[in-house]
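In the two complexes below, subunit A is the common chain; its partner is subunit B in one and subunit C in the other.
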Partner chain A sequence: MMDLNLLHISVWANFAAFFLITFLPKNRVKLPPAVALLFSGAGAAASAVLLVRRFGGEMLEWKFPWLTWNSAQVNLGYYLDDLSLVMLTSVCLISFLIQLYSVWYMNEDADKKRFFATITFFTWAMISFVVSVNLFASYLFWELIGLASYLLIGFWHERPAPRRAAIKAFVMTRFGDLGFLAAVILLISHVHNLDIPFLNSQAAALLGPGELLLVIVLLFFGVMGKSAQFPLHTWLPDAMEGPTPVSALIHSATMVAAGVYLLVRLFPMIEVSQGGMHYILFIGAFTSVLAACLALTECDMKRILAYSTVSQLGFMVMAVGSGTWHGGMFHLITHAFFKSMLFLLSGYFIFVAHHSNSIFDMAALPLKEKSKWMLVLLWIGALALSGLFPFSGFMSKESIFGYLLETRQYPVYGIALFISFLTAYYTTRMAFIVSKNGSGPGAGDKRDSPLRGQSLELRVALNLPVTVLGILTVAGVWVFLPWHKEFFHIHTDWHAREWMNLGVTSALVLAGIGTSFFYFGRKSFSEKGWPALIPGLDFLISKKFFMDDFWNAVMEKIVKGFSRLSVWSDAHIINAAVNHVGLACVRSGRAVAELQAGEVQRYILVALLVIVSIIFYLLTR
Partner chain B sequence: MILSTILFAPIVAMIWVMCIHSPRLIRTISLAGSLVSFALSAYLVLRFDYQHPGFQWTEQLFELPGWGIQFLLSVDGLSIPLLLLTSIIITSGILVSGRLEVRVKEYFALLLFLVSGAYGVLLCMDMFFFFLFYEVAVIPMFLLVNVWGSGNKEYAANKLTLYLLAGSALVFFGFLLLYFQSGLYTFDLGAMLELAGFTHETERWMFLLFFLGFGTLAATWPFHTWSPDGYASAPTAASMLHAAVLKTLGGYGILRVAVPLFPQGARDWQWLMLTLGAINIVYAACCVIAQKDLKYIVGYSCVSHMGLVMLGIGTLSETGVNGAMFQMFSHGVMVALLFACVGYIYDTKHTRNIEELGGLLGEMPRASIFFILAGLTALGLPGLSGFVAEFLVIYSAFTVSPLAGTLALLGLVLSAIYVLRVFKRAFWGVPLAGKAAMAAQGHESLDMNWKMVIPCVLLCLFLVVLGVYPKMFIDYVGPTSTELLKNLSF
Partner chain C sequence: MLINQLVPYLLLSALLFSTGLFGFLMRRSLIAMLIAVELILNAANINFLAFNRFMNADKSLGQIYSIFVIGLAAAEIAIGLSLVIAVYRKFRSINVEKLTELKG
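For the complex of A and B:
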């Protein structure tokens, strides 16, 4: 009972904050952040207590019927096992930290009320999605997550770019959601019960292999949209137009994590279909390589991070597709921590660089003197993302590599190594360039801190979240290792194979870092590095592999074309026909009216004709 | 007494309104009349024993025995929710007409007359009066559009009226055929249902006749073009009432008359209902994407949503019919809210072209939030009532025709595109008029005042409550739709 109440608190705290903030008076600008922090802090605390109390214990299920019709029933409720518990705690914790950071970031913004209302709503939707007991309910919250991200990406709607990005994000994920909804419908009509434990234990047996494959392909369509997998990945880099805390939230624990989490959640069902697994594996690997390539020459810090998110998500999807949901989930969690930290840092650096996203503008700043701690954290995040020992990214990637080697999936292992190399390269490229420590404005003047004039609370709101995330990135996995190694299937008894794996992966990561140092770490550095040397690659990257053009063409040519066609046919076929019928009535009326024109001769003529025809009729009868 | 009070309250109010001059009093009396019906419909909703469907209240006022005509009022689980819907819409319609200045008396009298027609159609179980009241509802609409309308109003009024008359003429022709063909010489629908038996052949053509007649009233493709034109020209309350109630009467008629009387015919023409329903959804949604006038946008999206009603009925399954009934209710509330907001925006900014609008969210936050909430219902966002209706219809469409189901699913993306496009153009961004213009108008806030907010909040409440807890509605209408479809299963 106690645990259920804790769960209620951690789920509904953010909603309560949303509700309260919505009805706060507009002129109390200090209140919205305070309410948001208070409630989401309570939620995070409750979830942490839950984690301590329940992790490794039995699962908790609580539900009530939400909608019933003749053949099926949809339940709303919670399903809390170790998987959702881990995810719940991460989401609560990370979104609390990000909300804290937002206090600093949104300090200047006039519309704090709208921002904090939406961000707490976003967190609530994600948490509800995570603990949802029923796949249909998952779909409900999945859509609400989409709505919240739309509102947040378009938060600065006075500018045109965020408006476009928001619509793109919503429409593209909606397009993917069609697949999800179709899968839900297919499942309901065959299985009648969408409770996740039931699906995981029974659905595969109740569905034929063909139907199961169809369900998985359709479900994965939804995942492609939310988790930005090829070919529906193009919305995510554009989503950078939102405020940076929003990017941090979208890229770490909410939104994009939802897709991978869904795959992991339904893994026992998906696993049965060999074809479905190969499909997932293939799309994940392809996305991962493609997005990593896109990040190679990018100069916008947020976009580098965005492409790396797409790439890492592809990596997780690939891991799930290859059979290790533990690895995929582990990487999802560690990635959530260091990626949110990197985004929060990027927000700081962009602020320092006078709202420029370009890493070369940051390179011109004397960051080593002014923001040493932030640079240290940036390097921690970058190395964790690269997967270097002893950072958290290393552990999760290692677990995936280990599994691939153990199950002898050598081609996938090769691809994963390649991705790892690219990741190490582009991440450290960013870090090397940002920490160039140029002699830009303000160099040498010790008192001219970037945060000059900001109050203590604001400094805490900035520094505390990134520091906590940084500590967790370095030490988190090791401190909690004895505790979670069972859950994530982490080997601690190492043999020759594990050591060999460690050697190979570390060598590739170091190679990536080394290459990056060669091009960007030294005094004179190039802008693009080796990708510029490969003919065609630079061009393809600059065109983003034509995916944006492809979707623009779909929108402009196909959708708008159909729309023009319908409008044309409405005007020129249907309405024309209607108007002609109307006109024909009027004309025939006029024609008949001629008979009544008052000319006696005509009346007599008509009368005669009638008489003649009657006589004729009578005679011929 | 309850039923006839619901029906006659607006008529009494109308007569009263015609006898007085003070605009203030006119508004009060109209509101009082509509509130009486509202309260009584709410009472019916609460007291209706939904587990035992059927006609639980019946009142016979008089009859003409020789003609087989009687003034018979009765309600069941199909008409009660729609009665409630009608009374909500007329109440909020009267409330949002607060800024109207021209010929106030005639306007409110006609609105009340219109709504009494709508009540009459829902209440009368005698086909003669069913038809009579439908005509009662059509004629005031012609005047409302012609006198208080905007844009190309003469054309729109003629088109709308002639179309609806043509549709109802088909229906009346069908009623006469029933009267004579069945050999019962009665207009009583209940008696007809119990006693009449038709051959398969007769059922086939009779169903088609009724389907086309009621389909025209429900703006089924290709008989839909009256609807966007008509609503674009009609004054706010008239478009609210017409789009929300009179259009759903088409679906109501099919469920009430055509499907129970001609079950075999319904089976024969199922493909037609599914096809036209799916075409309605996609075609009208495609049309919206290219529109610029807010009223045309709402008008076409209304046509698109009526396609879901048709599709739901076309599945001839309980789930589908539940979904269709849910959609009738939810769409009615949603479209009324949309028209209320659009009407307000037009009154304030004197334009409805989304390219000339912009930044409304900053300028009139309340009106914008209402519009956005209704728009989100239109795009089928979970948590709002539209989603549940759409889901039920699409789900049952998949079970009978995956193609129709897929098309309806596509409608979800198209509706997202057109709704977000409106948000982007009209509501987001920087106000085009700018703060300077606002200051020039004497610091007057452009936003809705509380008199406008109350009806909008009322409508929003229904959208949210039904979206958050749809079980209420589905449990309520479920047994009724089983009852309506019982003739189909033999």
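For the complex of A and C:
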């Protein structure tokens, strides 16, 4: 009972904050952040207590019927097992830290009320999605997540770029959601019960193999949209137009994590279909390599991180598709922590660089004197993302690599190693360049640091979240290891294979870092590194592998062509039909009105004709 | 003999009726329309008498009806003419094309 109450608190705290903030007076600018922090802090605390009390124990299911028709029923409620518990806690914790950071980041923004209302709403939608017992309710929250992300990406809607990015994100994820909706409809018409435990245990047996494959492909189409998998990945880098805390939230615990979480949540159902698993594996691997290549020569810090998110999500999807949902989930959690930290740091560096996103502008700043701690954290995050021992990224990647070796999926193992190498290269490239300390082109920026004169509470709001996330990135995995090693299937008894795996992966990561050092770590450094040496690659990357052009063409030719066809058919067929019905009525009315001109002889003529026709009818009958 | 057959009488009556109907529908003057009605009534009279003469045993029935119809026609003309006068007083015309106040 106590656990249920805790769960209620952690789910509804953010909604309560959203509700309260909406009704706050507009002139009290300090109140919205305070309310948001208070409530989401309470939610995070409740979820942490839940984690301690319940982890590894029985699952908790609490539901009530909501909609019933024919034999199908939709329940609302919670489904809390170890998986959703881990996800719930990390979402609550990360979103609390990000909201704390937002107090600093949004300090000078006028519309704090709208920001904090939307961000708490976003968090609530994600948490509800995570603990929802029913796939239909999951779908509803999935859509709410999409709506909230649209509102947040387009938060600065006075400028055209965020508006466009928000619409792009919304339309592309909605496009994917169509697949999810179709899968839900297919499931409800064939299985009649959308409870997730039921789906996981029974659905595969109730559906034929062809139908199951169709359901998985459709579901995965939704995942492609939300988790930015190829070919629906192009919205994510553009979503960088939103405020940085929003980027951090979208890229770590909410939004993009929802897709991978959905795959993991329904893994026992998906696992049955071999074809579905191969499809997921292939798309994940392809996305991962593609996005990693896009990150190689990027100069915008947030876009580098965005591409690395797409790549890492592809990595997780690939892990799930290869059969290790433990590895995928583990990487999702560790990635959520260090990626949100990296984003929060990028917000800081962009602020210090006078609102420039370019890593070369940051290189021109003397960061080592003023922001030593931030640089240390940046390196921790970068090395964790690269997957270097002993950071958290190492543990989760190691878990995936270990599984791939154990099940002898050598081609996938090779691709994963290649991705790992690219990741190490582009992440440390970013870190090397940012920590140049004013020795790059345009060095010696003597402008005042914009941080000067900020109050203590703002400095706490800036430093505390990144520090906590940094500590979790370094030590969290090791501190919690005794608890989660069974859940995440982590090997602790190491043999020759594990040691060999460790050697190979570490060697590749170090090779990536070494290459990066060769090009960017020394005194004179290049801008693009080795991708510029391979003919064609640089061009392809600068064109983003033509994916934006592809979608533009799709929008321009197919969608707009279809729109034009619809407009034409509306004007010339549907509307014309309606118009002609009206015109015919008017014309026949006019024609008949002649008979009623009031001329008595016409009336008599009509009467005569009627009588004659009646007589004629009676005679010939 | 033609005079002892029904059909010539019926043809005459039909001709008379058609003339009356044509005049009733086509003439624009109320007086002419009244005259046309007289033709129609007389066509009916001829029918009565002809059918009575050739088809019925009782020779008086058709004649009685004819006398009734003649009386009726006289009354109708009296009322009709007075209506025409009333119409003329109100509209200063007896052209039916101008009498269109009752149209919907």
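The criterion applied here is as follows: the second predicted complex is superposed on the first by the 556 of 621 C-alpha atoms of A that agree within 3 Å, B and C clash if a C-alpha of one lies under 4 Å from a C-alpha of the other, contacts with A are read in each partner's own complex, and residues count from 1 in each chain.
Just so we're on the same page, a residue touches a chain if its C-beta (ideal position, glycine included) is under 8 Å from a C-beta of that chain, and two chains touch if they have at least 3 such contacts.
The model shown is predicted, which means the values in this text are computed figures rather than measured ones.
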First (subunit B), second (subunit C), both or neither touched by A:Ser563: first
Which of subunit B and subunit C A:Asn70 touches, first, second, both or neither: first
Which of subunit B and subunit C A:Leu181 touches, first, second, both or neither: first
Winner by number of subunit A residues touched, once subunit B and subunit C are compared: B
A:Ile604 touches, of subunit B and subunit C: first, second, both or neither? second
For the subunit B and subunit A complex, residues of the former touching the latter: 158-159, 162-163, 222, 224-225, 283-284, 286-291, 318-319, 322, 359, 361, 376, 381-383, 387-388, 391-392, 394-395, 398-399, 405-406, 409-410, 412-414, 416-417, 420-421, 424, 428-430, 469-471, 474-475, 478
Residues on subunit C engaged by subunit A in the complex (per definition of touch): 21, 24-26, 96-97, 99-104
Partner subunit B, residues of subunit A touching it in the complex: 65-71, 139-141, 143-144, 147, 150, 154, 157-158, 160, 163-164, 166-167, 170-171, 174-175, 177-178, 181-182, 185-186, 188-189, 559-560, 562-567, 570, 574-575, 578, 582
In the complex with subunit C, residue positions of subunit A that touch it: 596-601, 604-605, 608
